[in-house]
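Right after this note come the structures.
Both of the next two complexes hold chain A, though its partner changes from chain B to chain C.
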Partner chain A sequence: MPSVDIASPAVPRAMPRVSGLWVLLALLAIMALLPFVASPYVLLLMLPFMGYGIALLGFNLLFGTTGLLSFGHAMFLGIGAYTAAALTSKFGVKSFELLLLAAALGSGLVSIVTGLLCVRYTRIFFGMLTLAFGMLFHSFLFKFYAVTGGDQGMRVLRPLLLGMEWRGGKTAFLTGPFYYYSLVLFALLGLAMWRITQSPFGLHLKAIRENAGKAAYVGVQIFRMRLAAFVISAVYGGIGGTILAVTTGLADPELAYWTHSGNLVFMAVLGGSGTFAGPAIGALVFVLLQDFVMSLTQYWRFVMGGVLVLLVVFLPQGLSGAVSLLFNRRNGGR
Partner chain B sequence: MKLTRRDFSKLAGTGILAAAAPGIFAPALAQNKPLRIGIIAPRSGAAGTAGECGIRAVQWAVERLNKDSGIAGRKIDLVIEEETNPKDTIERLRRLILQEKVDAIQGLISTGVSLGVAPVAEEEQALVVMWDGTTQDGVKEMLPNPKYVFRSTDNECEAVMGSLLAVKHFKGKFKRVAGINPDYSYGRNNWEAFRQILTRYGIEAEYVAEQWPKVGTMDLTSHIAALKAAKPDLIFSSMLFADLPVFMKQGHAAGLFDGVKMVLPAAGWQINQLKKEFTPEGIIFGHNTLYFDLPQASPLQKAFVQDYMDKYKEAPHWEADRAYFAMATYKAGVEAAQKAAGKWPTQEQVAEAIPGLEVESLGGKGRFRKDKIAEQVFYQGPSTNTNKYDFPTLASVDVFEASQLQKPPGADFWEWIKTAKMPV
Partner chain C sequence: MQPNRAAAPNAEPLFETINVTKSYGPFTALRDISFAVSDGEFVSIVGPNGAGKTTLVNVVTGLLRPTVGEVRFLGQDIAGVGPVELARRGMSRAFQLVNIFPALTVRETLAVAVASRLRRIANPFRSLWRDSVLQADIERVAEVLGLRGKLDTVASTLSQGEKKLLDIASAFALNPTVILLDEPTSGVSTGDKHAIMEVLVTAAKAAGVRAIVQVEHDMDLVERYSHRIVALQGGAMLADMPPDAFFKDPAMIAAVVGTRPQSKKAH
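For the complex of A and B:
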């Protein structure tokens, strides 16, 4: 029998697939070492990153995993921030653990009520409904001066961490104990989210994203699963908002404004919503990019807008998607 | 270059000496370095033009100071950051303090933003002299006894003055009153202050309409229709952002202003955009702390207005004065503190030196009180379109001191307005 050369696909080199969890853990490890090398200002910048990172882990459960794009997710960050503000400045509750619990409960409860309506819809209808609820909440914050402080917001006082009061300047508090506390929280919530996405519940959500009709046919309870994802994402948003509020020392209505929701979408797209750690990477790059560009030019909004356009056109999978693509090509894949 | 052991020993010796005697070398080094002043101001959005006007004025002031001897012999470098929402602006403030290591910070226009920034500045022990943004709500609660933060005159001063001038010029000529004010604490406080003053002067006005457009709303036709339907004799509006010219243009087109008296206590912020063709005469028109066309203006104001109008082809407004005033008081504070201490002063020493120092600003003399609230001169009056510009000027100028319009230290504004001795 004559030998015949048959073209065969290149055999991929045996490289381990980098999972989202490892990327997140690597990010967390870098963050843990950062206080030894970075300036206090850089460490302060990492706090909004951690706040957004946590919120985006939740946001991506809804967007990347379940396929529901919310344009009003900043509402939950606002709930977290105002919960911290109300408890610290009006009721004298300083325990950060209680603030987190209250923020999680508050955003969770609100998300159950709003979610009962929102998750009945998908695509643009879901987006518009979440936007509407977000703007309703913003109007409440803006108009009810006696309760919320109106446009001037509410002050968030320095909380106690694990029941301990930390003396010294605010910067030392934020870049020291609060930094590590937030990092541990980020790690725990990251691991929890990884577990959620890998669980049967996570598979149900992915099935819903891929084809809700088929998923329903095989017994997936679409409405309950979507509602559960919505509530979990809201809880993550509330916790992220609490970290943001303690960092800035203020809860203001802009936190719940639709442009802030837009920023969350931007971060998710920037990092890549198709991967587990992508949105967290997006949050990091967004925070650093905005800080850099704002210092560079007064036309920083043009630059940020330009980046978004370039991303959508050339890197629709975001930064993590682009890295994966490069990684796969190096391994001989397509 | 080859570094020999002898050279190295010399260098090391000098270094050790410098390290061992910081008192000898550090002030000299500090005096040789330019002063770094951080500026935070809006550069886009509804307050963008106001922020730009302030930035131009502070650049003008710095150019003049640097041509002379700077501040206490040190030249000045400006580091400009944009004022946006409270969260991002607090981050910019921290950048100026921690990263740029500025010697002082000036600027800020929005009360909401400044109330978020002020406690952070206090915590960071950073000297901040604000241009604007002292609406009453929240100031006492959020910043009861500031050590490093200096605030502008109360934002309600212009409404108090506009209301007093409404009494002076229009008393007995109106009954039905309507208000259209921006939907945030500044607009609500100004409207309430106006009503309180009418009550104090025994004017039994009938309030026929209240409209609260959101700042930056560019289609005001529904608000205008509501006002027109109410048939007011007088309209009070503390609108001051880019939406004010839109309101005037759309209101004029709808015939809203025909036979109606108007009080616009903060219109000076939009002076260049309020064109004659849609702005009626006889408005009580507020210029706050800088009226660019003041007949008896100081040589300083005349020089500034001349340079500004030559360069930018438009008139400056009060934010220029606030920016200049902040720089002038900082300069006076540094130089007084340096004289007292005999060396370069700390931010704390400068903050202690500033209250009570009288400085000449563009719009007149001003000072900071002991509670770190500014006192400046205010200008308003009935408008006229008979001038060489394409926007209104004042037919006659009323001039009030801040002490006549502003609550004294420690007083509650709403109590003060009910009992204060008014200048009209």
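For the complex of A and C:
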């Protein structure tokens, strides 16, 4: 590849040797064992990872699979978070299942409306439109103080899991039942996303990414498929945002800010958008790296920016791309 | 000059253009084009650069709406229906330039078309790999186009000739009634050209394609494979005649190729 086009998803050049599903499930299996060995601090870090991981699975259906790079995806995380906040603290709805359902519906509906416009465009035009919608939503959250709490955000009360109320401290709740609940949810959504990417539906999305002009001539409904990918990715974003909001106990307008959308792009590029598990791994590394760098210096944004520069220059395929390159070299492959 | 029509088709034509004119402002790209394609025919559209061949293909494939006139396919007006609907109705198209899905394998490329035809898209959780009907169909298409051994090869790593075949194969995978080829052999070596045409014609028979329409520059190929030649010049119809009559007429050859094809004697 003579030039690096970071605005396009990294595409694997050969059939992956290890199925992305197994990589993700192995990661989740390790996480299932983590509460037995890790400190509560580490477990609390894993919760945002799960929130982002789910959001990134969806984000990458749009970016890695369909070839549409959104700069406003944080809006859907924000919708998930604010749905959870509004339902728990204003309407007294505590069932986490209902929160998830409402978040999925809310982000799904908003994505249909915004997607009808956005997916008519591709490349930078799509990116700019999604960015614009994200900023509109952020200013709505920021300015409509009476409804959204403005810069104070909205509290998210502890939900009931499977209809059960969990007593005890916040940390015990988050690192115990909520941790496992989120993990199971992550696994189920991961499996569902795997099925999507391995279906004729997913193949049509890839065909659009590869060559939309030709795809139309072999019967691919470009607009409808792009919209479907947009909506599915938004639903995943809404669910991820709900987990983030319960973890912090707060729906904050920063969740929907455009820099947060940028973080999602960063995670996808970091992990490698060309693979199934890459973006989720990117989310994990991002969360850990951010925590580590923040503990060292207050100039953590500077360091993260530097990491991104190095990444684009030296590892355009992301971490998973680098790993498979090493793996292939060791096996005498190309 | 009155176009010299080929033997009148006994059945209704598979598709026809009726007095098609396409203008862009003051510029007329196509002027009053009428021709019909019947069952079993192989029709070549020829003409010098700028004669309007590609515009005609774009009109016939429903990509462009004619300014005046009608395009009928299986008795229905298809003017401007768009590529997806056209594929659904049974007309498929391969392109002048190599047009592939670079990162997809041959199997996946064919699966895109087969999945559209078999309507496998509505359920996003349905497996692509455990669908034996779909996979069998992919293998059938790969077999007739000689790509069986390349099924798991990534398209971008195929040779130029194989890429062309793959493009044509994905048009075949739609089980079309009529297939439209815009210079199916452009950009490949002379040896490969004949090989591709042989595969194409055999595959069309095997796949039950009822007619082939191609735009072609190579007069050798036109002469060898066509049943009928539609010649365009300056957007107007110059001739619609069988190849033996066409190649006997020096005026025709001069108008279309510029000079007599010397290459024929050299071979």
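Here, the second predicted complex is superposed on the first by the 318 of 334 C-alpha atoms of A that agree within 3 Å, B and C clash if a C-alpha of one lies under 4 Å from a C-alpha of the other, contacts with A are read in each partner's own complex, and residues count from 1 in each chain.
Just so we're on the same page, contacts are C-beta pairs under 8 Å (C-beta built on N, C-alpha and C of every residue); 3 or more make two chains touch, one makes a residue touch a chain.
Source: prediction; values computed, not measured.
In the superposition on chain A, A:Val220 makes contact with chain C only, while chain B stays out of contact range. With both structures placed on the common chain, the touch criterion links A:Glu210 to chain C but leaves chain B unconnected. Of the two partner chains, neither chain B nor chain C is touched by A:Gly64. In the superposition on chain A, A:Leu44 makes contact with chain B only, not with chain C. In the superposition on chain A, contact of A:Arg155 is made with chain B only, not with chain C. Across the complex, chain A meets chain C through its residues 11-15, 192, 195-196, 198-204, 206-207, 210-211, 213-222, 225, 228, 232. Within the complex, the chain B residues that touch chain A are 43-44, 80-82, 85-88, 90-92, 94-95, 98-99, 111-112, 115-116, 119-120, 123-125, 135, 137-138, 141-142, 183-185, 188.
Residues 82-84, 86-88, 92-93, 95, 99-105, 108-109, 111-113, 115-117, 120-129, 131, 134, 152, 154, 156, 167, 170-171, 173-174 of chain C are the ones touching chain A in the complex. Of all residues in chain A, those touching chain B in their complex are 39-41, 44-45, 48, 142-143, 145, 149-153, 155, 169-171, 244, 248-250, 252, 254-255, 290-291, 294-295, 298, 300-301.
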